[in-house]
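Here come two complexes built around chain A, the first alongside chain B, the second alongside chain C.
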Partner chain A sequence: MESESIYDRPPGMRQRFSRALENPTVLGLLFVAPAELLLLVFLAYPFVLGIWLGFTDTIVGRQGHYIGWQNYIDLVNDTQFWLTAFNTFFYTVIAVILKAVLGIGLAVVLNRDFKAKGLVRAIVLLPWIIPTALSALCFWWLYDATFSGISWALVRLGIIDHYINFLGDPWNARWSLIAANVWRGVPFFTIGLLAGLQTISPDLYEAADIDGAGSWKKFRRITLPLLTPLLTVVTVFSTIWTFADFQLVWIITKGGPAGATHIFGTLSYERAMQGGHFGMGAAISNFMLPVLVICVLIAFMFLKKED
Partner chain B sequence: MAEVRLENVCKHYDKVVAVDNFNLSIQDKEFVVLVGPSGCGKTTTLRMIAGLETITSGRIFIGDRLINDLPAKERNIAMVFQNYALYPHMTVRDNIAFSLEMRKRPKEEIEQRVREAADILGIEHLLDRKPKQLSGGQRQRVAVGRAIVRKPEVFLFDEPLSNLDAKLRVQTRLELKKLHERLATTAVYVTHDQVEAMTMGDRIVVMKDGLIQQVGSPMELYNTPANRFVAGFIGSPAMNFFEAELAGGTDGLCLQSGEVRLDLLPEQCRRLERYGRKRILVGIRPEDFRPCERHEQGQTISGEVEVVEPVGNETYVNFRAGELNLIAAVGRKTIVQAHTRMVLQPAMEHLHLFDIDSGKSISK
Partner chain C sequence: MKKERQDMTRRDFIKTTGTGLAGAAVLASPFGPLAGRAFAEVAPPKLALEKNPVVKVLRWSVFIGTDKEYWEKNCRKWEKVTGGKVINEYISWEDVRPKAAMSAAVGGGPDIVLGWHDDPWLYPDKLLDVTDICTYLGKKYGGWEDVCVRYGSKDGKWIAVPMGGPGQEIVYRKSWLNEAGYDEFPKTNEEFIKCCKKLKEKGHPVGFALGHAVGDGNNWAHSWLWSWGAKTVNKDGSVAINSPETRNAMEGMKEIYSAMIPGCASWLDAHNNKAFLANQISVTNNGISIYYAAKKKFPDIAKDTYHSNFPIGPVGHPAELHLFNQAFIFKYSQVPNAAKHFLMFMLEKDQCAPWINAMEGYVTPGLKAYRKLPIWTADPKNTPYRDCIKNMLWNGYEGPIGPASAEVMAEYVVVDMFANYCARNVSMDKAIAQAEKAIARAYKK
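Moving on to the complex of A and B:
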């Protein structure tokens, strides 16, 4: 028979393929495959490698051997490590709290109706979009022992009579870093929360006005509860970024003076890249893992609840 | 006891006049409805009474208190918003209790008053739910509950039924009216729906472009509209309007519009002779037409039926007489065929006559 109907033929490759695409699971997997591949190569592989390195004595130019928990045991007996751990938590907790408080305040102010609010909102975003390395360099300059613009201005105003030793004193240096981090991180809170504020119906505030609520009560009883889910997510993200910070600290203090402002990121870099101890550096990084995992879980829970 | 008085109240937004020289005295326990098309200033007026909008000029009193500069919370009013404005994160109980909490009432009193309000509205079983878990009608009740729990001097309603479906709207309308009788509190109610206004208001204030057009009881507005706008706004289907020439009739005057001629009643003739002008605007309500057997020039209008709209209790007949397109509401028992000729007799004693330029009524 010459002309065979296509219905009689067994399904060809093409037909079978297009039928498979009808299946949402297959199609979904195909869609995410490119992204998954990138994540696998550039995130999952380095991540697993990092964990593995933490259990080895790898140094520059030499393949390491498995040494079990030795790196971690060394770290636990290392005072520099404990100072770094303290710094990291201090830096994170204080900076995130300040960013959250300032961010909410700024968001509430910017949510009001005023002239050129679009422009002002764009300006508020600036610290966030300037490359961190650049703004860190500016802060480094502002905190410089001799060329500090802040000291210069304060002396000129007659508030102080000698330049502040911003980065030479451990506590000054810690607070200076927190200030720089807050400056950089507030816009993220502000813009995120501003978006949340705009979803709150103005009617609710009018109803509250009539119900007899003052400004503070309206904030406490309406704004804050309605903003809480978003605030949690934004805070968790900011915590992750602050906890795993590197650029700001590395550029402004390099962990100094005398290791007093190291956080996990900078200490790890110093030991691994400058000292050549990859294994030790990886072990330090791995200490961040539990905290970050908890943060991610909290974020995940809230995002899921929001759905 | 609260009478609400508005004296020469104006509201300007930059150069736009939203409310112009509003004067109204609302009696204690009265239910006043502000009605008008969107943008007429009715909601703005309500919001000025509520204290959500500043007053450009004029004075507003609640009782003897001048409230112009009093913040909303000190005016002792309660408001039901168009979209209810329920606090989404609070339970129904907390929503209703909120205003009492803000006023630092004791816990037992709050609980008791919330129960009372919930009982009146039949929403006790919903007290622990969040607004999201309620239907539109239930939300509306909660919004009302939030208003009545405080026992305010004045209730303000901003189109509270516009988000409900037609059936529920009719039902809730009735309930609100009953509630008002029971609570005996002054109420100001804003709506764009003339049926709602007619059925609920002790008195109705018709507004347009920021100006009061007429204030009166529902039947006053229906029977003696002050101008063309009120005449067209109140009543459904809307009144028929056409321009007509005054001419000498068989005895006295008649209205002539194209081939349609209607002899005026002697009383109307006397008034129009004094009025002096030759062209006037005539208004006939659809329900004031009566079908007739025989056409008689001067008494009836003969025309061709174009569309017949039966609505059950009556039938709307769209018909054409010369240049005029008119609508008549005839009883359901009248059988009308489209594209046939029909003779209708208007009730001349219910004819409405208006000045063409100003639109003001010259019937009385």
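Moving on to the complex of A and C:
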């Protein structure tokens, strides 16, 4: 009778498991499983739920029913929604452009050698590290129709003779919100680009000096091309945050006057959380998705290129 | 053993005598005309309390300090009487609705919520029937004001206990009013408009929130609309905003807007308080908090500050909107009887009267007997606030209360209609059409 070799025996559970672990794909999947699980529970589930809610008539305290595209049809026929869409794009485009321009300028200045360089760099970062709610409250006061510090100073200087109606006029209110957003967002550009500037070899500038290039030419031919990948990533991130903003607008105007400064985030909150219509609120939020997905794809593409 | 016997005695006592009367060994609190009145003729409902009940209460952060002080004092009294415990969670008044909604959705959280306006109507099926305690309180304290019945009961069943409302009235500077040629505050819309214009001419503009001010903006805009006989919807919920009455209200508002200080279209709830106390405006609508703050910090302004009920419009009777607070108990509560007992106890004279008196008129209760509390006449300036709830209509008047009325208010449809016409130069037709569309969208669901 031949004795059965262990190699002839079908592999047991334990062996099968050991072999599977030798497979790099399986092992890799196991390693990322905890992170995947977290993402699934805390990101994917709410994300999918949000999309689903947009197709329901869910209101607070009541189970919703599937209503197809009705919420979206209602929104398309809602003038407040179109005004909100316009506001959101206007707010994002203008604020991001201003932040990028000012951010590059400040980064170039701060990249030079001067006394107390470190201190100034730290100060520049302040608007970014102050809680948004707090800075929004400061701006709320600065823009106050009766107590505005800005108006007070301008009146005292004899530049204007009456207080500026910062938040009572729709266009004034939009520009005021953009100014607050720019103030808060510039440091992100500045510090990000400053880090990029410091990786550019000084040899390139020396060579350009020898060739007789001026400051503008050096900026256009050396600085800007080398900064472009980083600038793109920083811009994309800033676009995402600005587009999905909520706190600044909610604290300063609550979407007023007469809905003239609502952006997607605030309108969604107003209808879902205050009005109790979760379905409609989710549908408004879902309108942000395409733009945010495009931004994420651009960022992903550039980050991959950088790798 | 001894402790257990004591508990039993206390419990038995509560079962037979009900409510807070148990804890109401005679206190030295001044009840004014209420003192000595025999309220105990009505038998309280018998509520068998759960053992060692812990009642979790979610309520709005206090507007004035004495509210919390006396509320907490009364909670401790209830604990002594019942052997239970009350845990109060105070959050910003605007955040109560979303948090309560979350509790309704997940079936967990506080036992009692002190919510606003339409909140109980958003999830009536999830709320405990409180008909027994509301009927008892109503019978004992002279009945509920009409608006309380409208807000608190659904299909003949009470779903919430009206706690009253931080009312809003006209707050004005007497000396400036006199300067404009008036001895007393105008009683009609027509005179009110004229008065505002005269005040502006004298360099004392008025100020009413037309921004997204949850309380001041909504209360002012709805009261003004209703006073002209206009309304958002009819009894059956059909849209009624496009009417000659609404147009009259819009014209009237535009005239007042011309007498307002610049920036009112952006005003949130805090703006008018600050502008009034900074001598920037002569008239506004507000709770008694302006006067309360002035007494503490600006005695000269306080001396010159007076209150009046909203002027009466062509509709011929008071038609006001105020913040309205009601307490409701979720069915998921593990201590339903204790929660009911707690609310009943808090509205009994021995607890409610000192609480209301201590708030110096900030909250007007919904039980008619409390109109006689000394606080309403101790300072004549408080008196207009006594009638807030009596003069009040419900949000979404004259239609049904529910998610639609809540949505219309949450979206500032009426406020924005006025603001569009007055501050954004949108034509009257377009402003009304926009409001009409938004109201129709809300009510068709």
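The working rule: the second predicted complex is superposed on the first by the 273 of 307 C-alpha atoms of A that agree within 3 Å, B and C clash if a C-alpha of one lies under 4 Å from a C-alpha of the other, contacts with A are read in each partner's own complex, and residues count from 1 in each chain.
Heads up, the rule we're going with is that a contact is a pair of C-beta atoms (placed from the backbone, for glycine too) under 8 Å apart; a residue touches a chain by one contact, two chains touch by 3 or more.
The shown structure was predicted, so the numbers you read here are calculated from the model rather than taken from an experiment.
Engineer: In the overlaid three-chain picture, which partner chain does A:G158 touch, first (chain B) or second (chain C), both, or neither?
Structural biologist: In the superposition, A:G158 contacts neither chain B nor chain C.
Engineer: Taking the superposition as given, does A:G68 touch the first partner, chain B, the second, chain C, both, or neither?
Structural biologist: Touch partners of A:G68: none, neither chain B nor chain C.
Engineer: On the A-aligned overlay, A:L204 touches which partner chain: chain B = first, chain C = second, or both, or neither?
Structural biologist: In the superposition, A:L204 contacts chain B only.
Engineer: Of the two partner chains, chain B (first) and chain C (second), which one does A:P34 touch, if any: first, second, both, or neither?
Structural biologist: Neither partner.
Engineer: Would you check which partner chain A:I222 touches, where first means chain B only, second means chain C only, and both and neither mean what they say?
Structural biologist: First partner only.
Engineer: Would you sort A:A213 into first (chain B), second (chain C), both or neither based on which partner it touches?
Structural biologist: After superposition on chain A, A:A213 lies in contact with chain B alone.
Engineer: May I ask you to decide whether A:G118 touches chain B, chain C, both, or neither, giving the answer as first, second, both or neither?
Structural biologist: Neither partner.
Engineer: Counting residues of chain A touched by each partner, does chain B or chain C come out ahead?
Structural biologist: Looking at chain A, the partner in contact with more of its residues is C.
Engineer: Flag every residue of chain B that touches chain A in the complex, lowest number first.
Structural biologist: Those in contact with chain A are residues 50-52, 71-73, 77-79, 81, 83, 85, 87-89, 98-99, 102-103, 146.
Engineer: Chain B touches which residues of chain A in the complex?
Structural biologist: 201, 203-204, 206-214, 217, 221-222, 225-226
Engineer: Could you pull out which chain A residues touch chain C in their complex?
Structural biologist: Going by the criterion above, the answer is residues 57, 59-62, 74, 77-80, 143-147, 162-163, 165-170, 173, 253-260, 270-271, 273-277.
Engineer: Per the contact definition, I'd like the list of chain C residues that touch chain A in the complex.
Structural biologist: Touch list, chain C to chain A: 94, 97-98, 101, 104-105, 122-123, 125-126, 210-212, 261-268, 271, 274-275, 278, 280, 403, 406-407, 410-412, 415-416, 419-420, 423-424, 426, 434, 437-438, 441-442, 445.
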